[in-house]
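What follows is subunit A paired twice: with subunit B in the first complex and subunit C in the second.
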Partner chain A sequence: MLLHAKSARFTIWAFLAAALLLLVGAPLLVTFMAAFAGSWNGVLPSNPTLDHVGGALATDNLSSLMVSLQTALFASLLAVLLGTWAALCACSSPANSAVSRVSDAVFHLPAAVPSVVVGLGLLTAFSKPPLLLNGTVAIVILAQTLLVLAFAYSTVSAATRDADPLIPLAAASLGASRLRVLVTIRLPLLLPSIVAAAGLAVALCMGELGATVMVYPASWRTLPVTIFTLTDRGALFDAAANTLVLIAVTVTVLAVIAKFRGKTAVR
Partner chain B sequence: MLSTKKKSGRTQTMTIRPPQESGVVPEDKANAVELRNVSVTYGTTVALAGLELTVARGETVALLGPSGSGKSTALKAIAGFEQPSGGRILLDGVDVTGTSPAQRGIGVVVQSYALFPHMRIDANVAYGLKARKMPKAQIAARVKSMLAMVGMEDHAHKLPRQLSGGQQQRVAIARALAIKPQVLLLDEPLSALDASLRAEMLIELQALRSELPEIAMVYVTHDQSEALTLADRIAVMRNSRLEEIGTADQLYNRPASAFTAKFLGGASLLPAVSTTVVAEPGSLASVMVGAHRMKALAPFALVPGDRAQVAVRPHAWQVSTRSQETSVSAVNSLPGRVESVQWRGAGHRLQVDLIGIAERVTVDLPALSAVPAPGDLVVLTVDPTHVVLVPAGAVA
Partner chain C sequence: MSAEVLHKPAPEYELPVRNSSPWRAWLWLAVPLLFVAAFFIYPLLQIGAQSFLDKSGAPVGLENWRYEIASPAVQTAVGTTVKIAGMSTLGALILGTFVALALSFVPFRGAGFITRLIETVVSFPSFLIPLAFSILYGRTGVVNSVVESLAPGVPPLNFVNDVPGVVLAEVAFYTPFVVRPLLAVFSLIPRELIDVAASLGSSPLAIVRTVILPAAVPALAAAAGLTFLLTMNEFGIILFTGAKNVMTLPMLIYTRSIVTFDFPSAAVIACLQVGLSLSVYCLYRWITKKLSGAHHAAAR
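Take a look at the complex of A and B:
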């Protein structure tokens, strides 16, 4: 829709800003306020305190944070490696070919299935020998890898489809082997998309709860699981403080990734 | 030595000379490229059907044709970018049909140039040499010599996106020639350039061609002027097949098919019926075009009653105006009415509807000649040596 009148454009933008404020800004603001609230009996919190934030940064919770970070980074790495490999394989077959369609369907499937179902599926599949992963760290990483794989695959796949197919062919005509073309041409050209996929995967993994809560062992509790547990117990202010820490760490990691992505975008 | 004017107005001098280490022109004129009955299919779609083509060392063959005629597919098959579904491809007599592009050692310049966007210009040119594991010192020397050859030595440390289209094309040529290929394939290398730069680069390519006499070149284009300028022979492609191959002079002046006459030079085609016996191809034949008698070169044998088409180039017609619609009986003269007149800078192009024949012909008049107006009655006359018979049949 084209809006030429200034007043109409202003109305649309004002509506959008209000909606964003209500849907995104309000929950964040409430979480922020709750993290520093001693009590909350009226419209606004009262008795401001740093106790909850201090608790969130205590050793126990910090270990949860480290677990989240390690799980997210490792699962994202796996998802990006697998997604990139699959995208490169899929793009070598013609678009809309059977191979391409099957590959798209398989790699997009985890995103279409609720995360709880993925968790249940993993529990069912890996709770009996020969592959007994139930109660291990590996099953948590596997669950998160599966959940973000679709996003990694989609991001890199879109970049491979958009890339000029003649560039690797030109490299091959100059005498480069397939491996050299992959390492020196195809992967460097895909690097911005690969880094973007990694950023998305880390962000999603850091907040993943649905599948993780079904498969995590007691020794490997991620921060979202801790927040869920605290909320379940009614410790809302502690949960809010932990949420703040989670947001801060996630944003920091994403900022580092974004900076690296900027350096790779030389084209 | 070539001089080109940059957009800034500064004149850039470009010296084209062969790479320092270039070899002696081989005396053996064996076929550098040979395609034997090569076909390429995608599912049920035939992209190239039974192409037979040879390119000798030092020869330039242009593959000329409209979009979808199979010319780029042929080039991709030679480069190894497409695997033929049938036939054989030989380079210097060696069958390379199943080999990868890396094993063929062919220089390729594509329409988009396909420069590596993340590498500097010198790294682009060095790429093939590194792949061949050449010593670093030699790579540096070769890169310098190749960039000097195309006048790009001052841009060695830039990225491709920092160069203009014409500069990128020069780098693509330098990169392709750095590996000292025996065969250079160029796929519409000028089509992404604007008209003035295209004309400039065409002159440079012509100079480059003369400086690299040992290399066989296959040049894919849909532009007849590029083909006529650069090629020793032109292969006209149509509907995934080779329509006709010959020297530029042969195809332009004595086309063997209506399609070639129309595509190469924009000839007007008029249906004709032979009135004489032509036993020896190449002699003059008498034909009737409607009720008008014409004499034309017949490249094939004819007997009275045979149907054919006369092909006349737009610039071959002479135009004279007449005041009223009188009958025209002179040989090779056709009456007509001017339908439209276009000014084209270097002259005028007329569309003339022939009277008594439901055909329209295109006429190019040189500058300074008297130009009739739309609606004027004219007589078109053409010298018999500028009229050639081509077989009857549809062009499309």
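Take a look at the complex of A and C:
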């Protein structure tokens, strides 16, 4: 619409295609091809092999994948629970009351601090009494929970602000108890945003590296950490194969999570 | 709110949501608040405390701070962090504005698919990009081996584990963070406005400058602030490029604590980084609040 000349439009499209290829296409395509490459010394990879992907699904790397999956699911569940809870509290108070301002400030804060510092903090605070968590699975889950809590909170609280405040009020005026209004009206209305928050949290947790690399015990190594050690050793094709598996599993989990959203009727 | 209102869900016609007393709201908020206090605020305070102790845990006053602030490594790291974040943000803003403009105003079949693709990529791990860069452009990467076989003697590409490689990877990863809010704003601009401007003789560039971009200023400022904050805190991308001479503050914190186990030093640097990040964050909140307020006022 902005450009009517065909040549100008084609020039813009050519630039756009180049930019997108560099941004999105090249990393995905290269990772995909490298995962199946025996060697890559020409323009295209040669000696196609399934060894790297097979290796990514063998004992050690497979257990890394399971560790990542369990950590991400636990951490996301906790983050979505706490984030939804806080968002509901904040929206039950007037918009510029102390409650909603404090919760807005506090629950956005962990996202503003580098993940490395979140990890260092947990390591410093919980390597000594009263609470010893260093070397446990819990510290990895806590680190990831904190990092995605802000995203969960802001996704759900944005939805509470857009929600029609008269619907729960109508239910209450008809005599429904607070609990009943919460369970049968407010939460179902927020379900799409809760599901979206869960998906985002899982995706972020699956790829989390900064805090995890600070706190993980040797017995609980997530897949991104494994991929980093492979890259560091120069085993780039194995790293690519593991990354591909990580992305495939993440996309599958996200698709499963999105199914929950499909059951609510949103008008 | 008085206590009677609590028990009578009387039809209040003002704002319906304030039917709970403040102390009750605080009580409910206490559960998630305690979680953040215990596992985020308390650890940050512990880092602060650690910065005044030596390796054996004995108090040393301001010794660590004096040493680290005077050390060239830390000073360089602050500069590198801001420089990398600034260049990446600028790159992402330019590229993101172009991509969003092209997708919204020079539409083509498949633009919707591309938009969805960009939204998906945001949820991929950030290290995908530096990994692909290493495979493609690394010292023993594809491009170098092709160049070597075609034209032996040409000096090999070697930018991936240096500043340009890090900046390019960050631009590639953070551009979608600029594209998404811009697409949302652009979709609100009435098409008639552009047609009218064009019929009055404005060139496409003038329309972009005088009609489209002014409407996008709050979104652009917010995206710039967020991207700067995130690139300043970025760790995974830099770690994966293996750039030894791109020592940003997060990299320095990692190296001091996990590689050399110098926790007092890491604590001081972490305090510096938190101070810097929170300043940028507060500035970002202030600017977005101010700009969105001004925008609403102008609209009315």
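Note that in this section the second predicted complex is superposed on the first by the 246 of 267 C-alpha atoms of A that agree within 3 Å, B and C clash if a C-alpha of one lies under 4 Å from a C-alpha of the other, contacts with A are read in each partner's own complex, and residues count from 1 in each chain.
Please note the rule applied: a contact is a pair of C-beta atoms (placed from the backbone, for glycine too) under 8 Å apart; a residue touches a chain by one contact, two chains touch by 3 or more.
Bear in mind that the values here come from a model prediction, so they are computed numbers and not experimental data.
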Of subunit B and subunit C, the chain that contacts the larger number of subunit A residues: C
First, second, both or neither for A:Leu190, with subunit B first and subunit C second: neither
Touching partner for A:Arg180 - first (subunit B), second (subunit C), both, neither: first
Partner chain in contact with A:Val24 - subunit B first, subunit C second, else both or neither: second
Which of subunit B and subunit C A:Ala172 touches, first, second, both or neither: both
Subunit B/subunit C common contact set on subunit A: 166, 169, 172-173, 175
Partner subunit B, residues of subunit A touching it in the complex: 164, 166-167, 169-178, 180, 184-185, 188-189, 266-267
Contact set on subunit B toward subunit A in their complex: 79-81, 100-102, 104-108, 110, 112, 114-118, 127-128, 131-132, 159, 161, 175-176, 179
Footprint of subunit C on subunit A - complex, ascending: 1-3, 8-9, 12-13, 15-16, 19-20, 22-24, 26-28, 30-31, 34, 40-43, 82-83, 85-86, 89-94, 97-99, 102-103, 106-107, 109-110, 112-118, 120-126, 142, 145-146, 149, 165-166, 168-169, 172-173, 175, 199-200, 203-204, 206-207, 209-210, 213-214, 224, 227-228, 231-232, 236-237, 239-240, 243, 246-247, 250, 254
Residue numbers on subunit C that touch subunit A, as the complex places them: 9, 11-12, 15-20, 22, 25-26, 28-29, 31-33, 35-36, 39-40, 42-44, 46-47, 50, 95, 98-99, 101-103, 105-108, 114, 117-118, 121, 123-129, 131-136, 138, 142, 145-146, 149, 172, 175-176, 191, 194-195, 198, 204, 207-208, 229, 232-233, 235-236, 239-240, 242, 249-250, 253-254, 257-258, 263, 266-267, 270, 273-274, 277-278, 280-281
